[in-house]
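Chains here go by letter, A, B, C, D and E, matching the order in which they are written, and residues are numbered from 1 within each.
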Amino acid sequence: MEEVLYNILGAVVTFIVAFVVGMTYGGLTRKITARVQNRKGPPFYQNFIDAFKLASKKTAIHHGVMHLMGPAFLMVTSVMTLLIVPVLAGNNWFPNLNFHGDLIFLLYIMTFGPLGMALGAGQTGNPNSAIGVTRGLSQMVGFEIPWVMSLVALMIQYHTTSITGLMEVQAQSGTWLMLSSPFAFIAAVMAMFGMFRYSPFDIVGAPTELASGPVSENGGKFLFVMMSAGSVFTFAKLTLYVDLFMGGASNLVVLLIKTFLLYMIPVLYGVTSPRYRTEQAVRWFWGWPTFFGFLAIIQAVILK
Amino acid sequence: METYSIIFAIFLGGAVLTYFAGKLNSILQDILFLGSVLVPTYLFFSGVSFGSAMPFSLEGISLLWGIDHYSWLFALIVLGLGSLAAVYAIGYMKGKERKGYFYFNFILSVMSMLGIVVSQDLISFFIFWEIMTWSSYLMVIYNGKDIQRVGIKYFVFSAIGAYAMLMGIVIVHSITHTFFIEDMIQAYGHMSLQLQIWIPILFLIAFAVKAAMMPLHVWAPGAYSNAPMAYTSLFSGALSKMGVYGMVLILVTLVSRLPQGIWFREVLAWLGGITAAVGTLWAIKQDDAKKLLAYSSVAQLGYIITGVAIGTELGMLAGLFLAVMHALFKGTLFMAVGAIEKQTGTTNFTEITGLIRKMPWTFLASLMSIIALAGIPPLGGFVGKWMLYESLITSDHYLLVILIFFASTAGFLYCYKFLFGFFLGQEEKEWEHVKEAPATMVVPMILMSVFMFVLGTFPGIILKPINNGLMDLGFVDSYKHLWETSVIFNNWGDHVILQPILYSIIAIFLFFLILVVWKGYKGTRYVTTKDISTSGEVPKEDENLTFSVGFTQPFLRAVAPVMRRQIDKYYTEFAKGLEGLFEFMRRIYTGNAQTYALYVVVFVVIVLLFKDVLF
Amino acid sequence: MKELKENIIQRLKTNFADAVAGSEFSYNRVDVHVKKETIPSILFYLKEEMGYVHLSHISCVDWLEEGEFELVFIVWSPVDKVKVFVKTRLDRENPVLENIDMIWRQANTYEREFREMFGIQFTGLVAPDEFILEDWQGPPPFRRDFDTAEYAKKTFWNRPGREDAQDVRETISGRDGEEIPDFAKKYSR
Amino acid sequence: MVNDKHSQKIVDFIQNWSRKHSIWVLAYGTGCGAIEIPPTMTSRYDAERLGVRGAATPRQADVLMITGYLTVKTLKRVIRVYEQMQDPKYVIGFGSCTINGGMYYDSYNTINVLDKYLPVDVYINGCMPRPEAVLSGFAQLQKRIAEGRADGATQYKENLEWYRANQKRIIPNWVMPEYNW
Amino acid sequence: MVGTPVLFVAIPLLAAFLIPLLGMIWKELVRIVPGLVLMYLMVLSINLLNHVLVSGPIVEVIAGWAPPFGINLVFSAFSGFLVTLMIFLGLVVWLYSYRFKRNVGFEPAKKYFLLLMMLITGAVGIVLTGDIFNMFVFIEITGISGYGLTAFYTGRDSAEASFKYLMLGSIASTLLLLAIMILYSQLGTLNMAEIASKIHTVNPTYKVISLILFISALGIEAEIFPLNGWAPDAYAEAPGPVGAAFAGIVVKASVYAIIRYIFTIFDISGAYSFLIIIGMMTLIIAETAAIRQDKLKRMLAYSSIGQMGLVLVAFGFGTEEGVFAALFLMLNHAIIKSLLFLSGSYLVYNSKDKKIVEVNGMHKFLPITSFLFALGAFAIVGLPPFAGFWSKLSVLTAAADSHMLFVLALVLIVSVIELVYYLRVVNRIYFFKKGENVDPKKPTFNALLAMIVLGALILVIGFYPDVITGVIHKASADLMDKTKYINDVLSIKQ
């Protein structure tokens, strides 16, 4: 019983850390974007202000049950992902749930939220929402291919399908997988562009085009929950990448440095790129990233 | 073994009686129909024991009916889904014409599928197979719509498959001189290599046709969407599983003993993967729910075939588990479409929108089955998908797993399209009158949703029978028991414990539900979907803003080069060529007496000239 | 070119008795005055027989003093490279003309505009009532006897005492020669 | 605790502070003034440093900016957009046209005074106001929010009948849905 | 002993000649007498068949001359089975056309029944006789009545069809006579058993030429490709019951003759493979031709030709299994194809062109007829659990046991084609809208009864084939045993 309480407490702490870090990263992204565009930009805590404002905003209307539940779906996914990904190796305050974080399970639980959210967006009846959802799903089909290829390459090379297994491999050999399986890393990073939906892959939100897409009918508290879920999700995904390719992290500072560096790749790529069309984006993912995925698999088969 | 005779007698008698009862009283007909499906089901599960068989003989051929754990599993699918679909059909068929025809064929289909499962000899297997084919064919043409194309295509493909199987059967018979499956398995080891290769191929063609495998799947979309939905749930859920049943039987008992069997498996697995991908892409393109689900069925069967074809224990478990799940969720989905069709009169996404508040239970059932179909935890579909991927990865199918994953991810598009098209989007005045379907239609759907949920957390309930069945078939693998009641393993030792996942999902979900939704629900009120941000424009009452035409166009543009090649077209070209040839043949008979006389003379002369060669 | 123009006028005159040539404005323009009953037939003739396939414009002039509207149909031929101005006059009190949008589909838009802005009725015109003005209740606003300032004053009445906004004008005029503040200097180049 | 005046005050202060520093402007250009928004937002004037950023839909936005003249036809849409926005919400009247009609004072189809139809929290004068003026307008709005004086929405609710009467005076066919926030 | 085989020839022949005379007494007798005769013969044949199955064949000597000098009739298990089948079909056809007179008037009905009885006489005679020249005579009787029946509707097309039949029939007679001449010149006997016992002494060249002539001659009657040009026209233009009679009686008799020559009389082993070749050719070309037909009866005719091809293939295996399959197929084909002709002719009864499109939507007007047609269609393509399946299975099993996998595959492919064109018709009957100027005619009660009897037989054989397979097994064993036949016939003494 104590253990369970301990775990729950740890989960709450993990969540708070993820929330704070994710929000800060968001703010930093805006700042960096502004600097790249020769602007001063908002302060790095701007996202917290926005979130707080959204939370304090009145939310008077809804369009039905699925609309109400959409944010909850998203939050569940974020938290589940966070709980399954080992945040800090061997640290009791950041437990993973009592089983191995299995990669395939993770891949699927990660789609749970966006689909639930999409249902919420669908019920609002806004055409922009539906367009955004289909774009998002199409893009997902695009980037999941290189992403899965890189994961499969790791799995077959090291004969394990769990994250902890891959972390153990790195701990034992002493080298990060991004060095020993460079192609897998490249493919995964390219897939990451799609995952974080920064420009040129921001076709889902597409502010001037789709009126922010799926979230267009969500204001106030809905948007607050989505924003927090997004932040947590961002952190969870970054942690997953760090665990898989950068040997995990033993303390929070190292984790922050690694995740931040990783995060900058899509952000910096994004601020200098215009937006793709949907089919262009999908095809982009089936081009070079998939090629690197193939290379990763070939390497894995050779080194198996 | 009286039970078998009684069961089949009830089926047959019930079918005929039900047909004629329609002339007397509609309600009596319904009761008879239900009785003639449910009573045999009860008798079967209470009265039939494993290992006992009923031998008898017909036309000098000894036949044998019996059941083992493997066939029991499929009997469970057939009778379970059959009973639920029968209950559903009562509601569905209310007020429709040709009720007797429908009931008759429904009962015959259930009977024939059970017959296939209990047949321990090839002849009764084939007879029931053909009864299944024509009874389902009669259902496909039930609507009388497009039958010269769709119906005949279905029957021709089925017939090609069935005749291939028949050829296999008689070849086996010419060697063993009995029709028992047991004897075929015994004798297989002593056959010549050529026969060892050809006999499985002949059988697999038949099963591949029924399981809608590429490139023999072209009948499926039309047939599934043309049959009445109450039957299609059975058609797609159980009838297509008969192909899987036979396939596993052949793969395990025959092919696994062949050194070259690995090629069979690879080819089948790849065909299954391609089927999944192609089916998914075409499902994405459809604007009609029936067609969408039909292609989706093709795709799902692709997964199942891949699972059973790779042939490791995990793969077999995955394939058969997915088969059970597919019966559940695709059955439910077709039922949901049937309910919507009954209530609104159409199944086109571009016409219907916003039914969620009108048909909440149907929506719930559809949502559950879609989640299961997409393979998202915590429902049962995930377990099957997980095992499939793990089995593919652990058995070194690296590229196949990518293909399957592609199909599965792209599947989200049509999953969402289905839910969005019917239930979400703008609520329209046109559909304001729509009510929830009657209880007889809703209850089976909800029941099946519950099963899906249970199987998602405790897959062991069904994995154990699957495992027993595989053992009964003589399936040998070095890894034993890769499952527990709520844990799934792969053979590298990685595992997922399902219970805590479910609990944590439910806990977190409830937490946020209460925190956000409930709090929000109290403070908020419902507004119609006309009240959306449309740049200030006020949508008119009859104006539908739902985005439903060309829903997945961007994605389809991305995959356009693949979609351009349709297998159906090649078949059509081939058929056209054949018809041309036949036309030429027909012209041999000129209708001219002189020509005929000439033929006679030429015949006699030629035969006389070549008499030394001929005689 | 001159011969061509002569030829055009000649042809129109022979076919339409009421056609009167107008004064000459520029080298590629021909003006023709007709009665309003002739408009459909002359336009049709121009399009089908003489190759004036392009309807460039239709304009309306309010001759308030003469109590008439003048409608000008400008058609153009890509072969002749000549603009023909077909002009007609309508009674201002009861402006009715036959609909010609079966000759040129795009005439429909012009006709709707004239109907709304000038109150000219086209017999047989099939189009929604509203064109640009939603819920318009006043007189047709493009007629010269429509006093738009008065209408605006009446409909969008101003704040009492602020009708002329004199104080604002004074404040603004007082700003002349004011120094530019520092923060603004950086940007105001 | 909620009834406690002091804690309520603190909460109000924090809320106002966050609202002040996070102003999401609905991207809804009604007139020629819309062209002044891009320079305000982009590198030269960079309104984002004040927390001002664009929002795509009324549901997410805090501020409705009436950029320039407002025709009768547009007014209808603007009212609808305003009513779709969620509390707290503010209106900025932008340019002379919103104040007294500006150069369109005698036009038959543009309104003259915006605050008869919508509660305006801040007017920015000028024809057109330059981005500096826009920024100063935002600063003014922030000040009013911080002081808790930006209560246009409350006024609108309280005096709904008067506003409705004015609106209906120039939009005779009132087909809009009921007021919802 | 309740009767002798000679009655099978004598009674119908007598009845045929008496029919015009009886018609003078009472018009109704014209259509009652044939029925009575056939019923009597039916009882007789069943009795005899029972007897024969237990105690061996009956050899009847005519005019007191013992074989090999006199004409003899052999009622063995094989021939008895066929005779019973023919008589049964004759009975069904009679039942079906009992009310014929009411529609067509007295004179044509008189001719019809007369010719029908002659047809049965001839066919039964072909099967029973033990003398090749006698067989020639019976073939001529059959042929002449066949020409007459084909031209029954005295129209232009009927006459043309009849003329084609007549022309090819004359060629057949010529060839047959030639063949008989060759054999007689070599052996000096016409008795089948005698020839069979002496055939090994004949010069192979004469033997082969004689056989080829026999096959060519009989092949015309048995509808072997390319000798079957008359068949589609004749079937299409003759009345429905006549089509059934052709398919069930005439063709069966001709096939019997071919089989008798190949299996019993000649000892040429190559003949079996020749049977397979021509059988396959017939099967493939007839079925592919059938799919492109637009007239119902013509389609059925081609289908019938194809089935006979399959029968020849089954005989061609030369094994007892093959013979069993062929006989079973003949039985099923006789029943099912008769049913199809009988019900099909009502489906297009009043239409002008007898096109397939004119059966559209008939199930609403002729529910039972339509159902029976569908049943027949399902049965003839070999769908279980109907009768056709078992015979098709036996054919396939026989093929597999003879290791003729190529034949097996071809038969199955052709089955798919067959399936397609039958399904098209059934779909039309049940799911298409009725054409506007089609006026369906309700079948008469006895016609319906005849069809229902056939339909019931299909179901009975389908569900429980054992009722008939015992007899067929014995019949096939009988055919295979050549020496027994020779002994049985030649041992008869005065």
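To be clear about the criterion, a contact is a pair of C-beta atoms (placed from the backbone, for glycine too) under 8 Å apart; a residue touches a chain by one contact, two chains touch by 3 or more.
These figures come from a predicted structure and were not determined experimentally.
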item: Partner chains that chain A and chain C have in common; value: D
item: Those chains which touch chain D and also touch chain C; value: none
item: Inter-chain pair with the most contacting C-beta pairs; value: A-B
item: Relative to chain C, chain with the most remote C-alpha centre; value: E
item: Farthest-lying chain, centroid of Cα atoms versus that of chain D; value: E
item: Most centrally placed chain - per-chain CA mean versus overall CA mean; value: B
item: Centre-to-centre distance between chain E and chain B (centres being mean Cα positions), rounded to whole Å; value: 44
item: Interchain centroid distance [CA atoms averaged], chain A/chain E, Å; value: 79
item: Averaged-CA centre spacing for the pair chain E and chain D, given as whole angstrom; value: 97
item: Approximate Å spacing (C-alpha centroids) for the pair chain A, chain B; value: 36
item: Sites on chain C at which at least two other chains make contact; value: none
item: Set of chain A residues in contact with two or more other chains; value: 58-61, 211, 216-217
item: Residues of chain D whose C-beta touches two or more other chains; value: 57-59, 76, 180
item: Chain pairs that touch, as defined at the top of this document; value: A-B, A-D, B-D, B-E, C-D
item: Chain B-facing residues of chain A, complex; value: 58-66, 68-69, 71-72, 75-76, 79-80, 83, 97-100, 102, 104-105, 108-109, 111-112, 115, 118-119, 122-127, 130-131, 133-135, 137-138, 140-142, 144-145, 148-149, 152-153, 155-156, 159-162, 165, 211, 216-217, 221-222, 225, 277-279, 282-283, 286, 293, 297, 300-301
item: Contact footprint of chain B on chain D as seen in their complex; value: 28, 57-59, 74, 76-78, 80-81, 84, 175-177, 180
item: In the complex, chain C residues that touch chain D; value: 132-135, 137-138, 141, 146, 148-149, 151-153, 155-159, 162, 165, 168, 183-184, 187
item: Chain D-touching residues of chain A, taken from the complex the two chains share; value: 30, 34, 37-43, 46, 49-50, 52-53, 56-61, 207-208, 210-212, 215-220, 223
item: Partner chain A, residues of chain B touching it in the complex; value: 353-354, 356-357, 367, 374-377, 382, 385-386, 389-390, 393, 396, 398-399, 401-402, 405-406, 409-410, 412-413, 415-417, 419-420, 424-427, 490, 492-497, 500-501, 504-505, 508-509, 512-513, 516-517, 520-521, 523-534, 545-548, 551-552, 554-555, 557-559
